[in-house]
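Think of it as A, B, C and D in the order they're written, each chain with its own count starting at 1.
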Amino acid sequence: MKTGYSGLFIPGPTNIPEKVMQAMTLHLEDMRAPDFGGFTLGLLNDLKKVFKTKTGQPMIFPCSGTGGWESALTNTLNPGDKILCSAFGQFSHLWADMCKRLGFEVVRLEVEWGKGVPVDEYQRILSEDKDHTIKAVLACQNETATGVTSDIAGVRKALDAAGHPALLFVDGVSSVGSIDFRMDEWGVDVVVSGSQKGFMLPTGLGIICVSEKAFEAHKSSKYPRCFFSWEDMSNSFKTGFFPYTPATTLLRGLRASLDMIEEEGLENVFARHKHLATGVRKAVDAWGLKLCAQGPEWYSDTVSAIMVPEGHDATKVIARGYERYQTSFGTGLSKVAGKVFRIGHLGWLNEIMVLQAVATAEMAMKDSGIPIELGSGVAATQTHFMQSNYGS
Amino acid sequence: MKTGYSGLFIPGPTNIPEKVMQAMTLHLEDMRAPDFGGFTLGLLNDLKKVFKTKTGQPMIFPCSGTGGWESALTNTLNPGDKILCSAFGQFSHLWADMCKRLGFEVVRLEVEWGKGVPVDEYQRILSEDKDHTIKAVLACQNETATGVTSDIAGVRKALDAAGHPALLFVDGVSSVGSIDFRMDEWGVDVVVSGSQKGFMLPTGLGIICVSEKAFEAHKSSKYPRCFFSWEDMSNSFKTGFFPYTPATTLLRGLRASLDMIEEEGLENVFARHKHLATGVRKAVDAWGLKLCAQGPEWYSDTVSAIMVPEGHDATKVIARGYERYQTSFGTGLSKVAGKVFRIGHLGWLNEIMVLQAVATAEMAMKDSGIPIELGSGVAATQTHFMQSNYGS
Amino acid sequence: MKTGYSGLFIPGPTNIPEKVMQAMTLHLEDMRAPDFGGFTLGLLNDLKKVFKTKTGQPMIFPCSGTGGWESALTNTLNPGDKILCSAFGQFSHLWADMCKRLGFEVVRLEVEWGKGVPVDEYQRILSEDKDHTIKAVLACQNETATGVTSDIAGVRKALDAAGHPALLFVDGVSSVGSIDFRMDEWGVDVVVSGSQKGFMLPTGLGIICVSEKAFEAHKSSKYPRCFFSWEDMSNSFKTGFFPYTPATTLLRGLRASLDMIEEEGLENVFARHKHLATGVRKAVDAWGLKLCAQGPEWYSDTVSAIMVPEGHDATKVIARGYERYQTSFGTGLSKVAGKVFRIGHLGWLNEIMVLQAVATAEMAMKDSGIPIELGSGVAATQTHFMQSNYGS
Amino acid sequence: MKTGYSGLFIPGPTNIPEKVMQAMTLHLEDMRAPDFGGFTLGLLNDLKKVFKTKTGQPMIFPCSGTGGWESALTNTLNPGDKILCSAFGQFSHLWADMCKRLGFEVVRLEVEWGKGVPVDEYQRILSEDKDHTIKAVLACQNETATGVTSDIAGVRKALDAAGHPALLFVDGVSSVGSIDFRMDEWGVDVVVSGSQKGFMLPTGLGIICVSEKAFEAHKSSKYPRCFFSWEDMSNSFKTGFFPYTPATTLLRGLRASLDMIEEEGLENVFARHKHLATGVRKAVDAWGLKLCAQGPEWYSDTVSAIMVPEGHDATKVIARGYERYQTSFGTGLSKVAGKVFRIGHLGWLNEIMVLQAVATAEMAMKDSGIPIELGSGVAATQTHFMQSNYGS
């Protein structure tokens, strides 16, 4: 029998704040009530701040991030359109795979897992695409499977350098609200996020933001769509209503979540994530282990994929953490299965939660035969936390 | 300022049971935990009982009923396939419209609003379709906009009488779990439901059930799809996991909801809905008003669309109910806008809640100039409740 | 099996507001944290507004109203002191009885149930008590058992007219926060209230307010006491801490409750209670029944005790309401057992909840053989609600 | 601004289980409903199992543990009766002090803080009390202020050895439900407990259990009492109702809590507490620090009071924990103020929560200038957890 609170250190769903839980402890409501529209418009307005956009239009679908990906593609492109993308982890792979399954022509760059979007390659390919046959460029800002953050500003520069008009779609599922994202400054056309990561909510909302340019492309897109259709959603959203029944409970939770982000300050949220992520990385160093991310330029502030030494099985660490220590770590997916376990460090998190994760990881690793010194990672994390001027 | 509990008498989202609210007051969890699969399999098994199927396969998408509709179409058909459907209210219209938007050929029968699926017409058309060009037949079991229940068993008979192999898709969004639905007996191939009606949950789960025949059709369907893809979902479901992050909070709520349905007894749930609906209809009679449903054979046990007398505006009634009496009634949609207001009577409901709805409707109507006698509907409803042997 | 929300129409515990339920859905906390004291001080300050006092000192005990009564007596008096009180219902009786059990000398006036504090008798007795042997005068502002409100301002006048220095203690358990109470203006020395009535919280807080004069008397009181001791509480309260572990969950709920009272406006809260109570009384008139309260000057705005006709048993009505209609009415206590059933109409209540109570009472009475006309009370209540300018 | 979940490591209120929080997320209810009595009787029955009694009678007061102390004294003794007690910490002191304030004659043994009930002294005094003037003997099973557990079986042996008939009263506030307590076997006459410790609930219930012998003494007790009166409570409890409004929300929470204790198994609950406490003590050893408890025979499994080295101020550690690391440790009270900080390890707790406490304590101590090695305590705790066969 489980006792006490379980440790949830997967890279989403994240730990849910008490205020959000309270906000969602409520009765259902009339989604056509006259005052419901105003409530929604307030959410959309505050979402813009999180996406750092003035001209983008947020949309909220009752779905997961996967639905958001699909929405971006099917609302802007036409069947057979060419898409440039890169795969360097399970999620960037899946989005690229979706492009193929949905009938687009895919220029897919295979990148070593541990690195991110190959900006230079992108620039080369875009420069060579003189006829602008590439209609969209995909970039996964934070590859959740490997703990790698890519340079979205760099992708924009690549597009600009090539003078290429393709749309820029960004998977921000595990970055938005935790790692800096700048829709307008970076010229992003569609960014896809979800409720269960930086927004600290249960799964169930696919939150996207769409540029004016993307809406322009939308007009000439003839891809069949209905549930994910922007025309219905954006028409309804003029008055703050939804084309079909919205998940009002989650929307009330989103109100609380946006208020908390506002109260903490978005830049402070980013700083906190960096601070906590650094704490985890100090532990990894102390253990003598490596991250999957192949260098500081790729380090993610929301999730660390930790490589177990050759000859060891990360699956055991994860199983031990769950079964013996009531703690969930992220598993290694696909190519890195058995090679990494992941510590998610995003959302409603603080230093003492990170220390719990690190201490538990130590036991799970040691129990699994990985030769680390107990307390060594904890001490490194503690030292970082104490020496930083965070929170003072 | 609102005080006291608001009246929620729309035909979904419905009033949320305390037990469901409790079940969803919980922290987030690891959807890849080893024991999560077993939990899901338990849900799927119990969903079968609600759908009255032994061979059907339930699937749970993180979406609304609209997504369920789309899922049924895009997983079984091919672009350009012919679909037989009928429109007699806003929701049957929207599903038919979706067929068109998704690129299918639509044989759409326009039926007077207030009646339901034209079974004889269906039989005639199917009989004439010697080449079996019609691949699917759509039927909306409960048209939420008009309070009309259709004869799904009759549609099956029509198919059988015509010896037609088309798939039968049923919109059971506002019927499943409240009005009798028999997947196996009626030979339904896909039924679409949602969490916020008979399942008494917040919006956010599209719950469908798929026959073996539909899965067979799925194999030859080449319609592009990804988020709503059955192949991913059914593969994952073998072990009870999801192809993408599920809405765990709602799933825990669904566990509570299914337990409650089991405890009350599914047939008792149906009997309760009929009992409460009859109570509302007695009030409508006492007021001297008519339902939109044009005869007892069409009466819905989950929602009553009440016609205001000629020269009156139902919109006023609804606005008055909301603004002065803190109560939501369902609005008249599209063709019946201004002509009807709706009392939803499904989900977590009892006699005293119905009496509240009736008493409030009386005030809102009288305030809007409709000449009804105060207390008359209440007395008729009370009399029905007292004379029935329900609950004794 | 119960379905739908039960009706709770007892005179406390009352229906709990969603915001209060949310505020109490929280983890436990450190009651010695440095910022906890400030939180408590804020509560105390806002409680003063509810008690309408500037110089009184609120205290919050983790107990029920009964504990508050005891606290008033044992902190100000000495064993054997003489107390003037009157009994006209179960709760005024119990307080008088407590005085006796705790060893005080009790001058107890028996008053017909249905009337309240006999102000003239009080004045006569106080005038005759030339030696001021009476140390305290008790008055129950709202007798919950009979639905009778007494004239506390009148009691003060009686004391003043007699030039008598006795302390004035008021039972405000079912009045404070629902019916006007003016501590300073009426010269009340201790008022006793509880969390589960006008404060719309679960039971568990005995909330009292103490005048400077009462604190002065406290200094010379040698009655043994510990748990209910004011010296410990008032010392701790200087910094907002408690002498023993406080019920933090309820205190967080009280914060929400006080915020709601502030938002609605205390005078508006009183007006709403009068409005709703009048609605109930209109129904009683329409039924041809009488209240236990023997005239409008005694009518309570928080609870109506309704007399069933001679030869009928009110117990049956209450049992029927609970067993058949899932609704709780207040029972008749002691002398009025079987003669009255009570509708509580206080706390988080609105018009449509009152209509539900009235409609349900009609069925329960009719089922019990009481000859009332179904719908008659409802129509009278509706008419009152519609004709008033409340909420407009 | 606080982010993430705060650490609550005070010795009560404890961390509230999710199931208990869910059970208390509910509407208020009718405490006079016909089925309420049966619900209460079920609680009382299960409480007996926790107290390990067959003949004892549990009672539940809406108060804190302090009220339970008072209830024990005022219901069994007469003013001026002689009580034997001992003080070796803030809570044993307060109970002894209460005896004096309530007008009893107190034989109070001062014991060095860090030790517990002086069983031999008790036996000597009781033996010398040939006339049996001592009517009651007090023993604090777990002194929360110093983390000292006393030998209650030993106190019984002392009484028996002296052939003394005095009543035995035990303060089990921070032991019952966490550390073994055996009412019948140890011949305890009244044990006092509270909701916010081993019962894992919010503060608000004083839970006591009374022996037949104590009820016998009750009959001749003339101490004035009312709120805490056993006669009212035990009469009402025959049918499971309460003499005044009970805290129904907490009672529903208690139902959940008792179910959880039953599910885990009471002996397993004790074993878990010992296991976790040992984990904390291993850290203290590793830090080179001492507990306030002066030897293993005194070690408490629910709270550890840790002595900071001479020249250091424990207050700083606690303040640092709260302000910088969002964690509450227990403060040093009275004689040990500034000398100890306390880690509460009782209630809804597991290994990873203990590790969090230990890791945080390390930082708070180091920041406060106490020369401990970061990670050292964590490693010792980890080692203990990993080497034990707990949970396997």
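Basically, a residue touches a chain if its C-beta (ideal position, glycine included) is under 8 Å from a C-beta of that chain, and two chains touch if they have at least 3 such contacts.
None of the values given here were measured: they were computed from a predicted structure.
Of the two chain pairs examined here, B-C and A-C, the one linked by more C-beta pairs in contact is B-C. Summarising the inter-chain layout, the chain whose CA centre lies farthest from the centre of subunit A is C. Taking each chain's centre as the mean of its C-alpha atoms, subunit A lies 53 Å from subunit C.
Centroids of subunit B and subunit C (each the mean of its C-alpha atoms) stand 46 Å apart. Counting partners per residue, subunit B has 5, 15, 18, 21, 25, 27 as the residues that reach two or more other chains.
Listed in rising order, the residues of subunit B touching subunit C in the complex are 1-5, 7, 15, 18, 25, 263-264, 268, 272, 324-327, 348-353, 355-356, 359-360, 362-363, 366-367, 373-376, 378-379, 382-383, 385-386, 391-392. Taken in their complex, subunit B has these residues touching subunit A: 5-6, 8, 10, 12-16, 21, 24-25, 27-34, 62-67, 69-70, 79, 98, 101-103, 194, 196, 202-204, 224-229, 243-250, 319, 322-323, 328, 331.
The part of subunit D that touches subunit B in the complex is made up of residues 18, 21-23, 25-27.
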